[in-house]
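Note that chain A is present in both complexes that follow, paired respectively with chain B and with chain C.
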Partner chain A sequence: MTAAASAWWILFFPLAAFLLIPLIPEKKRTLGGWLACAGMFCAFALTVKIAWPIFEGQPFHSFHASIEWILIPNLQLEFGVLIDSLSVLMLLVVTGVGSAIFYYSLEYMAQDEGYRRYFAGLSLFAFSMIGIVISANLLQLFIFWELVGLSSYLLIGHWYQKNEAADAGKKAFLTNRVGDFGFLIGILLLWTFSGAEAARSLNFLNLNVTIPAFAQASASHGIWITLAMLLVFSGVLGKSAQFPLHVWLPDAMEGPTPVSALIHAATMVAAGVYLLARTFPLFSLSPAALEIVAYLGGFTAIFAATQAIVQNDIKRILAYSTLSQLGYMVMAIGLGSAAIGMYHLTTHAFFKALLFLGAGSVIHATHEQDIWNMGGLAKKMPVTSVTFFIASFALVGFWPASGFFSKDEILSLAFLENKFLFWVAAFTVFLTALYMSRLIVVAFLGTSKIRKKLHEPTQKMLLPLAALAVLSLIGGFLGIQNILSPASHSSHETPVFVVALATAFGILGVLAAWFFYRSSRKIQNRFQTAFAPIREILVRKYYMDDLYDLLLRYIQQPFAQFLSWFERKVIVEGLVNHTAAFAAFSGFCLRKLQTGRIQTYLSVFFFGVVILVYCFTIANLHP
Partner chain B sequence: MTLNHYLITSGILFAIGAFGVLGRRNVIIILLSIEIMLNAANLSFVAFASHLNDLGGQVISLFVIAIAASEVAIGLAIAVILFREQGTLDPEKMNLMKG
Partner chain C sequence: MITHSIVPWFVFIPLLTAGLILLIPNNRSRLIYRVSVAANALTLFLAVVVFLNFDSHQSGWQFVVHRPWVSALGISYHVGLDGIGVVMVLLHGLLSFCGACVSRSIDRNIKLYFTLYSILVASIFGVFTSLDIFFLYLFYEMAVIPLYPLIGIWGSQNREYAAMKLTLYISLGAVLALVGLLSIYLASGLQTFDLVVLSEQAKTGLFSRQFQLWCAPLLIFGFGVIASLWPFHSWSPIGYAAAPTAVSMLHAGVLKKLGIFLIIRLVLTLLPEGARFWMPLVAVLCIVNILYGAWAAMAQNDMKFVIGFASVSHMGYAFLGIAALNQIALTGTVFFMFAHGIMAALCFALIGYIYDQTHTRIIPELGGLAKQIPFIAVCFVMAAFASSGLPGFANFVSEILIFFGAWETYPLLTVLAIFGIVVTATYMLRMVRHVFYGAPNPHWEKLKDAKALMIKLPYGLLVAVLLVFGFWPSFLLNAIRPTTEALLETHHSIFLTQAKHDSALSVGTRQLSHLAHYLYHGSRKENA
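Here is the complex of A and B:
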């Protein structure tokens, strides 16, 4: 099998699983789960096969294969695969972390009523996500991008009987639509820039040549490139949940926990970052666009981290943490290094998936999501707790866990490029340490508030936890950063100052949380009343939901009502009804002619014949 | 007897038939009038055939006679059914199609 054929097969396996699972009868439902797992494992195995040269330390030869799809003048569109080191890295993350989470779901969802629906949705998601990663052109990527949005909607609303879940699904879908609308316009703009009319193409390899040529053709083209790239970035804002389109991600935690782990932490929300990395050659043409990307990423990082401190739901804390970490990745790419952003994406996928799966184990055992109702989990669920600690360790970025390496790359990049963003990012490390330690101190340490007997989950759930824990721990030593940029790593040394500062901030955050949340209730209360106004702002999520509510209620809704009025009164009553009335009136007049008497008709007929004969003969004879 | 005599006779016959169709109040008379019109056409066909030495006109008139025969057969059958259904043969009363 050639490498290109394997790439097609990677896409095919999850799709086949998705199509076959609904055919399985409810009595044999476990087969559906195993089928989904089999599809994912096969995809993972093929990915490893393609990526084998990388594991052997050889340079990876990228390749591109395609079949013609839509051929119309001005647009040659193909359905293709583009496998380079970037997509191989992303494929490894998606299928690798995906396999672990699929396997974990077998046990987690075993009692669920919608078991087959769940695994069918998960397979559809895997298919769409792999489609994004291997897409060879922007439009194909956009199609899979929308499919990912759909499967995310289906999985968030898995427990659709619950109103919150159904609403969260809608919110996620609609928020993404806003971003994707801009993305589509951005794609169309890029298409118009891509060379002469006859030879336009949205293929990435072509765009990387034609768009720079367009930019160099005239000085005034720069502003157009900036506009197009910012529109593409609006798609990233939606999918990767960056400010101001971040509002859907915390609500998306209404879905099953493995879904949160796979889609809303490790892979789908990383699709935006992947798109940034994929189109980075185009972004780098516009320094202004990159600067906006960097600042929005940095802002989201600190903005979300502050909100994570006051959340009480274990999954929501992790959701805000995801927002914050995605902000880091977007910032890194905005500062000019797609490789570093992708590096953090990879390590983050390991430890964030692990955190969510750990939270899933806790929820599975306790049926409780409020951290204040947990406590003392470390003693009762030692394996889950240890893996959770390892993941938190990596998230905060302590040596030697994987997060240390990727985060320090980002920090030192920021240190060199933009001092302001460096301090923002460094302070976010402190906040990260603070909220993770708060979570651990409150939920895992101290005295237990749960009466019933807790137990560790079974082997099926512990195995993925262990695998991800190992990856989170040693991810920094695997040479992931060399896959994308073999040379850059050695070119600049991480400043010792940066490492020391980040670690110091991390320890500071841990100590603050440790002393505060282990102190007596009285001190905590006094502190909380002192900071009540700030706390209120954070709990209300900086009033972002209220702001959107106002926007919808006072701008979008009146506008929609005006359109509805316009449609009903002007279009339907004015145009449609009046057209019908005119037809009815003319019919009313004309029907008088229909006497129903054959002789009347015949008279008209003869009279007509006489006129015709006159016109054709006599009038012509004597002009 | 020139061609004109035949044609004028044919024209007069056609006009008689037309007025019969338009004016009479009995379906059977109307059918007869249609026959007269058809025969007026036949007369001019035959006249032209003889004048131009072309048998085509005579052939067409034979066709017309055949069609007239079948038309009368169907027309009379319709008249019988009309009389059974409506009790009259007055076309003024047959206004079911009135708009």
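Here is the complex of A and C:
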């Protein structure tokens, strides 16, 4: 099998699983789960095969293959695969972490009513996500981009009978649509810039040549490039849940926990970061656009981290943490290094998926999501707890866990490029340590508030936990950062100051949480009343949800009602019915002309004669 | 060659079926139903045969049958298909078959119903295949006639008002168009109604610019009425809400497309300069269509009204594709007519199924139906996503083509049009959310899902068609492309020679500014 063929097969294995699962009868439902797993494992195996040269330390030869899809004069759209080191890295993350989560789901969803629907949705997601990664052109990427939105909608709304889940799915899809509105216009702009009318193409390899040429053609083109790239970035805002389109991600936690792990932590939300990395050659043409990207990323990082501190739902804490970490990645790319952003994406995929799977394991055993109702889990579920601790360790960024290395790269990049963002990012480390330690102290340590006996799950759930724990721990030593930028890595040394500061902030956060949440209830209460206004703002999520609600309720809905009213009253009753009434009225008048009564006709005739006689005789006598 | 004289049969088979049904006693209702479904299956089969045999490498007319009829007036029976016609025939074949299938719920006067239905089907096929303006108009008017009783007798709420309104509206449009068509006949001076002859001559500048400028709006707005161009759209939601399921399907699916189809076939071919002058105005109106229809849909509570306004909104994209006057957008429009026809019919068919079971279409009264009727729910969710232009469905391909094409001519209007798909997703998902999702309502516990294969068939078929052409659009595009290319070539040759082009919009704004100027300065003078 050629490399291009294996790339196609990576895409088609999950698709085949998606198509076959609905055909399986309900009685043999476990077969559906295994089918989905098989599709994912095969995709992973093929990815490893393609990536083998990288593991052997050889340089990777990228390749590109495509077939015609739409062929109209002046518009040629292709369907293709573009496999370079960037897509290989992302494929490894998607299929690798995906395999672990698929396998985990076998047990987690075993009792669920919609078991086959779940695995069909998961396979559809895998298909679309792999599609994003291997896309060779921007429109193809947009197609799969929309399809992951669909699968995310279906999986968030998996328990569609729950109102919250049904609403959350809708919200996620529509928020993404708003971002994609800009994205599509950005694509159209780039298409216009990509050359003469007949030679336009949206292929990445082509854009990387034509758009710089366009930018150099005239000084005034810079503003257009900036506009186009910011529009593309609006798609990233939606998919990677950056401020101000972040509101859907916390609500998306209504979906099953493995879905949150795979889609809303490790892969789909990272697709925006992948898009930034993929179009980085274009973004780098516009320093203004990159700067906005960096500031929005940095802002989202600290903005989300503050909200994570006051959440009580274990999954929502992790969701805000995801927002914050995505902010780091976006910021890294905005600061000028796609490789570092992708590095953090990879390690984040390991430890955040692990955190969610650990939370899933807890939820599976306790049927409880509020951390204040848990407590003392460490003793009852030791394996889950240990993996959870490792992941938290990596998330905060302590040596030697994987997060330490990727976060340090980001921090030292910020230190060199933009001091303000560096301090924002460093302070976010403190917040991260704070909210994760709070979660661990409250839920895993202390005395248990759960009466019933708890069990660790079976190997189907523990094995993925263990595998991801190993990756989270040693991910920094695997040379992931060398896949994308073998040369540039050694170009700048990590300043010792940065490492020391980040670690200090981390330890400070842990200590703060430790002393505060282990202290007596009285101190906690006093503290909380002292900071009640701030707490209120954080609990209400900076009123962002309320703001959007207001917009929808007081602007969109009245506008729709007004148009509906306009339609009923003005167009139908006013114009149409009055036209009809006018027709009826003229008919009423004209009807008098034909009454059928001989007297009427005679009198009209008589008057007519009188008028005619007058005209011809009397009027003519006196001209 | 069997396909040689196949096209006339598209009209004859439904007409013969109408006659055959009249011979069956009214109490044999199952038989009438089966005969009708079988006849429509046959025309669908023929439509597929024609589509597969269509030579997509040439742009001219194919499967032509030509018989002189009233030679004194230049009327002849002349039928044939080009790349646009063959797509529309396939669409109509599919929808008339599915419409017949879902008509099993008609419970009174079945004989009359299917007779009228067959006449409706025959006349629509007639419009798509006629190459003679006389027959074209004849079939167009013939399609309106059965609509009135079909809605008035078998419709639901408000049916008489709706039937009356719909018929009057479309007739009014038809009268406008008739004036236009007759003036084309007279102005040509060729003594012929033959479209092929006329369009050949039109390429060489048969009609003066002055004539084209006043004749084109008669046809654009006359046929625009049936395609629900704003502000002539208000018959459409009310009409669909009242009509029986199959009629809503055919009406939203194909009848509306007649307007677009005829504008392409008559205005773009015969009156290129008129089109050039009036299309910018149409482009503005169609953006109103898109956004106005979408927001109005959001405020509706009746499912059929939502889809009715949605189809008003969606026709805006078709008009935008025409107005752009370039090949990408025009090809997209033809594709869009096909995709939207299938999608709209699917929506109405599914709403009809739900209404038959629950006897309500009011969204707040429903809820949680996905549990009871999963098959219908899955189909509806797919239709909703197709409607919102999700990739994978044919609708996405067509909308993308229209956007890429229109972007060349009207970039700002295209941005507004793209915003329309955000709003579309909002109201479609809102409907899915409140009808199918949420806590199950105990009131609807006894609903029956579509289980038997024959009941599932129409819905499954329509979904499958959307997906197939969504993944492999070239099946359709290959057939459409040469025709649209040839059609716009005449445009290019004309406009290359003509540097300055006015449009209705620019002339209108200039006149308005003159007026304002005059009023302002006039009043100033008086004051002085």
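Note that the second predicted complex is superposed on the first by the 561 of 623 C-alpha atoms of A that agree within 3 Å, B and C clash if a C-alpha of one lies under 4 Å from a C-alpha of the other, contacts with A are read in each partner's own complex, and residues count from 1 in each chain.
Going forward, a contact is a pair of C-beta atoms (placed from the backbone, for glycine too) under 8 Å apart; a residue touches a chain by one contact, two chains touch by 3 or more.
Bear in mind the structure is a predicted one, so any value in this text is a computation, not a measurement.
Once chain A of one complex is fitted onto chain A of the other, the partner contacts of A:W69 are limited to chain C, with no touch recorded for chain B. Of the two partner chains, neither chain B nor chain C is touched by A:L416. Look at A:I598: by the touch rule set out above, it reaches chain B but stays clear of chain C. Once chain A of one complex is fitted onto chain A of the other, the partner contacts of A:V209 are absent, as it touches neither chain B nor chain C.
Taking chain A as the reference chain, the count of touched residues is higher for C when chain B and chain C are set side by side. Applying the stated contact rule after C-alpha superposition, one finds that A:R177 touches chain C and leaves chain B untouched. In the superposed model, A:D167 makes contact with chain C only, not with chain B.
Contact with chain B, but none with chain C, is seen for A:F606 once the two complexes are overlaid on the shared chain. Of the two partner chains, neither chain B nor chain C is touched by A:I302.
No residue of chain A touches both chain B in one complex and chain C in the other. Taken together, the chain C residues at the contact with chain A in this complex read 165, 168, 231, 234, 238, 292, 295-296, 298-300, 326-328, 331, 368, 370-371, 385, 388, 390-392, 396-397, 400-401, 403-405, 407, 411, 414-415, 418-419, 421-422, 425-426, 429-430, 432-433, 436-440, 473-474, 477, 481, 485. Remark: chain B residues 18, 21-23, 91-92, 94-99 touch chain A in the complex.
Contacts from chain A toward chain C in the complex involve residues 68-75, 139, 142-144, 146-147, 150, 153, 157, 160-163, 166-167, 170, 173-174, 177-178, 181, 184-185, 188, 191-192, 556-557, 559-561, 563-564, 567, 571-572, 575-576, 580. For chain A in complex with chain B, the touching residues are 590-599, 602-603, 606.
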